[in-house]
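For reference, the structure discussed in these notes is given below.
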Amino acid sequence: MTDDELRRAVLDANLDTVRHGLVISTFGNASGIDRNAGRILIKPSGVAYDRLTPADMVPCDLDGRSLDNRLRPSSDLATHAVLYRAFADIGGVVHTHSTYATIMAQSHRPVPCLGTTHADYFHGTIPVTRDLTEDEIAQDYVGNTGTVIVETFADLDPLAIPAVLVAGHGPFVWGRTPAEAVHNALILEQVAKMAWHAMVLNPDPQPISQALLDRHFLRKHGAQATYGQDG
Amino acid sequence: MTDDELRRAVLDANLDTVRHGLVISTFGNASGIDRNAGRILIKPSGVAYDRLTPADMVPCDLDGRSLDNRLRPSSDLATHAVLYRAFADIGGVVHTHSTYATIMAQSHRPVPCLGTTHADYFHGTIPVTRDLTEDEIAQDYVGNTGTVIVETFADLDPLAIPAVLVAGHGPFVWGRTPAEAVHNALILEQVAKMAWHAMVLNPDPQPISQALLDRHFLRKHGAQATYGQDG
Amino acid sequence: MTDDELRRAVLDANLDTVRHGLVISTFGNASGIDRNAGRILIKPSGVAYDRLTPADMVPCDLDGRSLDNRLRPSSDLATHAVLYRAFADIGGVVHTHSTYATIMAQSHRPVPCLGTTHADYFHGTIPVTRDLTEDEIAQDYVGNTGTVIVETFADLDPLAIPAVLVAGHGPFVWGRTPAEAVHNALILEQVAKMAWHAMVLNPDPQPISQALLDRHFLRKHGAQATYGQDG
Amino acid sequence: MTDDELRRAVLDANLDTVRHGLVISTFGNASGIDRNAGRILIKPSGVAYDRLTPADMVPCDLDGRSLDNRLRPSSDLATHAVLYRAFADIGGVVHTHSTYATIMAQSHRPVPCLGTTHADYFHGTIPVTRDLTEDEIAQDYVGNTGTVIVETFADLDPLAIPAVLVAGHGPFVWGRTPAEAVHNALILEQVAKMAWHAMVLNPDPQPISQALLDRHFLRKHGAQATYGQDG
């Protein structure tokens, strides 16, 4: 992607989070990265969505420092930067307060894989982070939010489970591109919604079998993918 | 129906699943059949809905083999084909991941007939299939999904109960035409939604009486139907 | 109202039930009455809403006989006729399968007055009918649906509680005019929705005090009404 | 603000409550105050929203007396007036019957701070008032509704918790301006919705830590605010 294409992709990702009802008010932000240039582009902080243009996307380095002094970057930039540094294959990050994903995050409840909708996108349970300590909140709150996400993924592949619920906060979601990150955020909201409803009928619902999980996830991901017109 | 009419009917059925909110992303597919020609028409796999035209509907035989090499058919084709072979009177099949029907499928909960909305369309409980075995998943997953549906209907009339919940997956719905199948899918979602809510108040809600069930179902179906302007 | 005005009012009431999301498919009907002429006007059976015109509203007598042989009246006509005969002051009747009112009807749960939204329109609990007997279903099902509603209101003022939930079926709602009946159906759906949610937190929620109920209901109804610009 | 600007701001606040789905029918009202002139502007009672113009906003004094005899002010004026007298720093008040805030008010359940969405706007639990006594209802019901709100805030800062749930009734929300009051009402509805869902999974959910609450609230409020482009 050229810089212009990435600016447009990051803007579209931000607008799509609103269009899909994942963001109310300005509770959300999306970013993308140019891995060659080592440069993140992210939504500016607190600007109304209907005024955003590609030129407003704020360029930053991988340490989370703005490279532009016109607009202040999203207040969650430091979390995005930590994720880009730790997860080498991701190209876009989205943060929302979408209703059901946030309910699960506030309830400290991971989203188990209860069906094939989930299995098509997430290869297992979507985890919840631990709470941040008082020190972590006091010292570098936004960066430490990224750090606990990375800690949660110590034994997980971030492209197999491209989302996390930050305890008491809400979801961070990623993908190979900003558009894929938004799409994963939309699916996360739907599977979180269905999981909440299943848990109301049965507090401890049974995940689908490993065989069914593998069958669906691997149909759309990896070398054996057969879905769509390009397989 | 001519081939052109059936192509249009199958396209409309696919578009209507989206228009009614039964499908998010590309999680769904609708098909129709020309019984004389022994030919199924089905949505192509993974193509965006807003680009579909009647000419894109993929013709296939009753063994689930594509008769066209331009576009790959929906990845669920083999399930549709099994249903058309087993249920001789159906003319359309729809698969969605609609929210409440999927919640019930993920929860392994059949949808009991709790009211007349249900009774107008489904002559009794809408069943859930058993889980597929590991072997069934490994060998011919999509075809075996159809096989467990047919097994579930061993003692049921598929036109009296024109829907099923595939455990851990979602609904398959059918009808005499593709349009009727979509309409049944819409009603299924509404009765599943109402059943879920009733079960939250009372985990084991009482179905309506057989007399009331018969009164409503038979008003709209069969020789004594009196509803509408054509009776 | 002239005949033309009443035809328009009945058509609008039918269209408004759809516009407000109270009716899916053709699950609903609204009627009005010209008390001087002893004539009911009601929606025809099973005609798509977007094709209805004022001229399609079917005139019927108070015994539920059609006075027109072009279109068949709604299959629920006999229920409407019983209500007009028994409740002398009502001028419009609406039947819907709106989601939460139907959930409560299917669950045999009356809607208690839990707040002022309810109290502004309904002067107490909205009742559920008893189930119809097998004989009542076999012999004159639609008329007997009206009869059990009237039985439920033996000790209630139908203009103080202008709605009922028919067990295992859904709501019938009325008012001084067809427009008022639709408005009451909209409020019923909202108070049923809020009551369902309150009952999930607390299965036996506490109704508001009689003093608060009277204060709100009588503000909008009767000789002491002070709300709006006409008081 | 000039009188014209305040009239426009109050009208917009009223229209925005409808646009955001916080008000059904005419269940709601918004007002603003000119502190220098000691004059409240409020929506007229029972007028359809689509006909309202800035000139229809009714001027009233701080004792809740109308200063205009063309249109009657909202029937909730006396509550607004009490709040403006007691809370010296607020500039706008909004009353709605928004669904989840009203469910919590009807259930006498305060909204605990379960996440950062809440913490960004409300510095702690959103309280519920006590019930009004029979005497309070009989004598000056609307004014006494304001009085119990003020009583509930005896030890609370109304700009740190800019909302209350009136028991058995619904929310009153405020802010420095009418627009801020509407925005707070929108956020209240969302956090009440998420709290209801969390309470269904766990009747006694754990609030976030004081450290996280302070971190989020103080980021957007007070001298150390860093959010947006103006910090």
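The letters A, B, C and D name the chains in turn, as written, and every chain counts its residues from 1.
Just so it is clear, a contact is a pair of C-beta atoms (placed from the backbone, for glycine too) under 8 Å apart; a residue touches a chain by one contact, two chains touch by 3 or more.
Which chain is which protein? Per UniProt: A, B, C, D = L-ribulose-5-phosphate 4-epimerase.
Keep in mind it's a predicted model, so treat the numbers as computed, not measured.
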The chains touching both chain B and chain D are A, C
Taking each chain's centre as the mean of its CA atoms, the one lying farthest from the centre of chain D is chain B
Taking shared numbers over all numbers used, above half giving same and below half different, the chain A and chain D interface sides are different
Distance in whole angstrom between the CA centres of chain A and chain B is 33
Touching at least 2 other chains, the residues of chain B are 200
Among line, ring, star, complete and other, the chain touch graph is ring
Touching pairs here come out as A-B, A-D, B-C, C-D
Interface with chain C, chain B side, in the complex: residues 114-117, 120, 183, 186-187, 190, 193-194, 197-198, 200-202, 205-206, 208-209, 211-212, 215, 219, 226-229, 231
The answer for chain C against chain B in the complex is residues 24-25, 27, 44-47, 71-72, 75, 97, 99-100, 102-103, 105-109, 131-132, 134, 137-138, 141, 168-170, 196, 199-200, 203
